[in-house]
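You will see two complexes here that share chain A, one where it goes with chain B and one where it goes with chain C.
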Partner chain A sequence: MPSSREAMVHRGDEDEVCPVCKSSRYLNPDMRFLINPECYHKMCESCVDRIFSSGPANCPVAGCHKTLRKNRFRKQTFEDINVEREVDIRRRVMTVLNRREEEFDSKLDWDNFLEQREEMIFNLVNKVDVAKTEANLQKYAADNMSSIRANQALEAKEVTSFQERQNQEQELARMRRQAAREEYENERKEILAGREDVLTRLASGQPADAAAIAREGQKVILKKSSARRSEEERIRQKQAALRGTDAKKPGQTTATTAEEAGSGLIKGLKKVKTPEPEKPYDPFGGMVPNKRDYYSLQDDYPSSYLDPIRQDHRMLAGGYDLQEYYSRTLLEAFAGLGCFIDEEVSKREANSFNFVKPVGTHGALAATPGSQGDK
Partner chain B sequence: MIEDDFYRTSSQFRLWSFTEDSLRSLRRNTNTLASDRVRDALRRAREARKSASSSAVGTPNPNASDADSKTGDEKDIECLTPEEEQDLVRYFCEQIVQLGESYKPPLPTIVRATAIQYLRRFYLTNSPMTYHPKTIMPCVLFIATKTDNYYMSLRQFANGVPGDTSAEDIIAPEFLVMQSLRFTFDVRHPFRGLEGGIMELNAISQGLGQPAPHNLQQTSDDLRRAMLSLPLPPNTSSSSISDRLARAHHNAREILKSAAQMTDAYFFYTPAQIWLSALLLADRPLAEFYLDTKLGGAGPDPTHPLTQLHAKLLTTLHNCSTLLQSYKPLASDPDQKKAMRRIGKKLYHCQNPEKVNNLAGQKRIPAAAAATAATASANDHDHATPESEMEQIAKKRKVEGDARRKDDIFGGELVMERTRERQGS
Partner chain C sequence: MTVSPLVPPSPSAVAHRKSAGSETARTTQGNESPLQQVQPVADREITEQLNDEVRHKYIKAKKLGEGTYAVVYLGHLRTDPSSFVAIKKIKVNTEYKDGLSMDAIREVKYLQELRHPNIIALHDVFSSKDQNLNLVLEYLPRGDLEMLIKDSNVHYGVADVKAWMAMLARGVWFCHENFVLHRDIKPNNLLIASDGEVKLADFGLARSFADPYLNMTHQVITRWYRPPELLYGARQYSGAVDIWSVGMVFAELLLRVPFVAGNSDLDQITKICEAFGTPTEENWPSVSKLPNYIPTDGNHLVPLQGRDFFLRHFPTAGPVGADLLMSMCALDPRKRSTAYQALQHSWWSTEPRPTNKEDLPRKSGGTKKMGDDLTRRGGELDDQFKNAARQLDFAAMKG
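And now, the complex of A and B:
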């Protein structure tokens, strides 16, 4: 491939002249032409080195005032500079507008998108409404940075997986060929061995058996070849099955990962439901374990009654912890301080009107098992 | 406040907290039900006696004959009013305290307090006319020793109970009591809360206090200074702050031991409110200061939730302390004693006759079965040996079991089935 491109590039170059330094290929056979996608003016490598080595400079072609940089210079791929330019533009637009078909609601929307993209490319190539189109494109790129990047990553992945598959298939084909070759070789050897066997037996055996021995030898060869054929069949089937699974795989890689649907430029994008990010597991369900509202627990409370315990090994050895006592007493000191029973209970009774009374009377009945006798 | 939510999960809040109205109506309801039953039972007894028409020897209750001899009219059976019932229950609550005191060593305060609350809860849905408190009271105290982890063997316990009460008599109504308690044995007492509060006040007085979570701008020095500058409660001589705390602690604890137990405070207020009210009675400036350190951080803004809570809490505490103050110990009040004697006499007349001996039926099953079997066999033939008694019981049980098995959709006992099959094969 590169060699053919090289040939193409050099095809009509015999009388080419660098528009900047006017040296021709005739004088300098190693001369190579480079272009810059800013203005697509052609110039030779030595001119690029000379003019742009010391940083960006204006294009030396008369009338063109574009500022060029050395690192953007590259070899021309197509002979026609217009084609070259269009391909460049197309590539640039395609990297930005890289929506995928599965991101659209309907086929119509996808087609509309494709048409829109083509129109933009056309505009840029033919210099119609360039400023507006460029603005649109830039705005879109800024708005949809993440989805563009995601789609790029997806594409890159697809390319690599495709390449992998290609390699795999080639490898398989190579192995198949090798197996077939070995097969053939084996077969040939066996036929030879069989023939030799028959000959030795004929030589050592009775003349009357000759026909029988010859028939037998034929049969053995036939049997072997048929066994081989069935073996081959089996292998082929296995390979077919293998290929089937290979064919299924690429389907899985095309998962939609578009993020935001609200791009003004493109219509008909699917509403993307970003899955709620899973919250970190909270064993207390939002409660802070040692949070208290009425008091803050201290490590130590002065008390003539409790202090001796700190030194008492008999109590401490058993695992007694004064901290437990502190936390329990203080919790009990304030648990329910803000519960106003007259309010809360009456509310509770209002909510479930026959809550207390039936239970009470029921309790009274249940608590008097002898009450059957009373009635 | 998260501590309040802890309390809201307790059975004391869910099942045993009432408004004044609901408590009154519950008591009235229990009283009417019990009075109706008493009247019915007495009438039935009278009719039975009339139909027997012989002498009044076999009457279950001699008081019925008294009533009968005076008037034949059932209207004259005067039942206890709910208030009288309440007084009676209170009298037996005091009896619990005394009974607990009589043990060596005395039962812990918390056991007695739990027993008192059990008794009070029991008589919310049962009337003293149905079950006499003097039978329930020891049982309740015994249950309290178990639920409060103060182990005591039943025999040891029975020895301490005055009168000729046997161990069996004490635990006879046990299941009945537990059922009436709705199997909730957890009683939240204010005692430990008081200890916690005093503990924290002590820390503050020594300059080790920590600010409350909603009041973080306090420093321990500020707290200490504020505490030392508190006005003294009336009719006390000036003394050191630790003495003052100790006195407040002691007085509040006495209130909790007596007044809080003998009134309906546990039904109307939460333990935290009860002990703070007791502290309020013991040393008002101190309790108010303590409350301010907890809830005073909101400033003068009246719409702030802390300020609102503070105001509401002050009225609640005030109500609670009036309730606690209203208690007068029975022993010091001759009027009450007289009233109690009257109620006791009245109860003697309106006790439900069908329940008086019926508690034996509530005994634990093996004991009851043995007792009934013993009486049955004694009636049959007097010289039965214990072995034959046992056989008879077994036979009786088997006959009953066979009869029952026909109705039982799940069949009889597995072991019985299997032995029968083995015998058959």
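And now, the complex of A and C:
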């Protein structure tokens, strides 16, 4: 493909001249022109080799002082250098501003975004507010690094999956064609075989049976072909169903891109929930172990009541632990502190009004010993 | 804090109510006799009224399971048909004609006090006709851990085991923190809620502990999960008995078969000795003083198993997990880690992170299983082991 186009290009301008070394195509038919997206000045390959092989250098075109590098030189795609430049700019902006429609709240926001993007491209192409636009673009790129990456990856995936799908479809079509061809062959063979069969039977049979035999032969052929047709129909339906499920799949892959929406440049982005960074696992499930508000536990409490137990090895061997006794005793002694029955009752009352008949509430209140005298 | 609807109202409250209700009954405050005559009637009325009120809050739908001890129904709130509950109706037991069975009392007593995400919630209690006790329990539709362990179609990894173990350990820790021993921890008492949360159920054998001069029975905990001190007949023990069961559940989750499954109590202690080492005076001081201690002759002494044993048998847990299991399976209850220590272990924070409860492996058919689980009597094994079920020695238990 490129060769034919090149040939066309070459044919047109026999007298094309490299603006740097002035060698013409007439003398050098293999001459290739390269451009650098820095300034888009055209020069021939040998000039690029000559000037930039030893590192970056200034553009040799008079008045252009851009520093160019050899590795940025490439072939021109479009004949018009302005088109080439616009396509380059567009590509660059698009890779940065690569938001997708799913990421926007409404169609209007998406359209606004597209317009904004076009405006930026226009500005860059026509050199309006270049510095400001560039700054905006760079700031956006820095702020939204991760979402840009994610969208790029998504796009790449879509492209590959699209190609895969196309390949698959082609393969399927090829197989279908082959199957059809084979079928046709088989059918023909069968018809021939059937005909031969009828002929041999006619030859060996009696003349009176002739009509019957011929009819039978016809019937067999018909039956076979109708069976085949229904079989074909079945296969076709199956394939259609398969295609249906295939078509659904790619839709799921583009479902969500969860990234922070923190760009001031683009409006109307969906508030994307960032998954909270996983907290370290808490084996206690949010409860505070050893929380004691009113007392602290000692290791030992002298008590003659407990002395026999300290000596009882049988009890201790069974795992009995006096610490637990201390702990429980203290817990129970202090358990009532900080409990306010009045408050609990009024709270419960408020709750119970929501779903219990008022009669029951009176009953519950009346049944609570603490509700009257306790203060 | 739930207040049992069965709490009898104080006389003052009744009097107060009456004064608000009927003018005629209370003519003078000083006149005692009419008040006393009326009071028993009013007393019955109000308890009945309260009971009916609770009873009418729920609608029993269908039966989920029936056992010798209880029937479990699926029910829902009258006001909200989507809020399911399990109603466990305790059968009027032939053994306890004059009162309620011990299991039911224990269950109500302790479940009422304990409120924790990893402990089955008791919403309400009411009595239905013929004085049957009905417990309104949290509905846990996704079966139990035993079902998942036994089903070879269910695949789970160490992250899942870690999540389940953490939930179990949390529940046990909460019980112990409130001085309640569960005393029947085993995979089919660990029910799974619809969100995947593991909940400790069946408090039929639970009791409070740490009272120094109250003996407790040693005939508790299903045999395979029973710790050596109970097999040796200790009458005073601590939360360590539950931790042994937790360790056994841990081992079973990793191996997918019960780790030490004895046919009899004696077989059980033999198997424990073979697996973990023989208890001696060195590794378990004064073990020989325990009532049912059986001295092992010197030839068959199995040395106490070290870390490498656990690493070899439970490679999936990893070195840190094996260390935790080892700390739960210490023969000497004093050396066994407590629930609190277990939760502080570094295994929970090592990779892999415990699976989120929503993502844990699941299996259908849990509703029926819940019915079966809740109708079982404490300390019983399922079907094929029915004969092995132990009779509880209630006479020996006080409190």
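We adopt the following convention: the second predicted complex is superposed on the first by the 263 of 375 C-alpha atoms of A that agree within 3 Å, B and C clash if a C-alpha of one lies under 4 Å from a C-alpha of the other, contacts with A are read in each partner's own complex, and residues count from 1 in each chain.
Everything that follows uses one rule, which is that contacts are C-beta pairs under 8 Å (C-beta built on N, C-alpha and C of every residue); 3 or more make two chains touch, one makes a residue touch a chain.
Values in this document were obtained by computation on a predicted structure and should not be read as measured data.
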item	value
Partner chain in contact with A:Y184 - chain B first, chain C second, else both or neither	neither
Partner chain(s) touched by A:P280 [first = chain B, second = chain C, both, neither]	second
Contacts of A:L331 with chain B and chain C, given as first, second, both or neither	both
Touched partner set for A:L322, first chain B, second chain C, both or neither	second
Touching partner for A:P289 - first (chain B), second (chain C), both, neither	second
Which superposed partner A:H313 touches (first chain B, second chain C, both, neither)	second
Chain B versus chain C as contact partner of A:F162, first or second or both or neither	neither
Doubly contacted residues of chain A, that is, touched by chain B and again by chain C	287, 328, 331, 344, 356-357, 359-360, 363-364, 366-369, 371, 373
Of chain B, residues touching chain A in the complex	1-4, 6-8, 10, 13, 15, 17-22, 25-26, 29-30, 33-34, 37, 40-41, 124-126, 130, 176, 179-180, 182, 188, 192-197, 199-200, 202-203, 206, 208, 210-214, 267-273, 275-276, 294, 309, 312-313, 316, 352, 354-355, 358, 361-362
Residues of chain A defined as touching chain C within the complex	278, 280-281, 283-285, 287, 289-290, 306, 309, 313-322, 324-325, 327-328, 331, 344, 355-357, 359-360, 362-364, 366-369, 371-373
List of chain C residues in touch with chain A within their complex	1, 3, 7-10, 12-14, 16-17, 20, 46, 49-50, 53, 57, 79, 117-118, 166-167, 169-170, 173-174, 177, 179, 209-212, 229, 232, 234-241, 284-287, 289-291, 332-334, 336, 340, 343-345, 348-349, 353-354
Of chain A, residues touching chain B in the complex	287, 291-296, 298, 300-303, 326, 328-342, 344-346, 349, 356-357, 359-361, 363-364, 366-371, 373-375
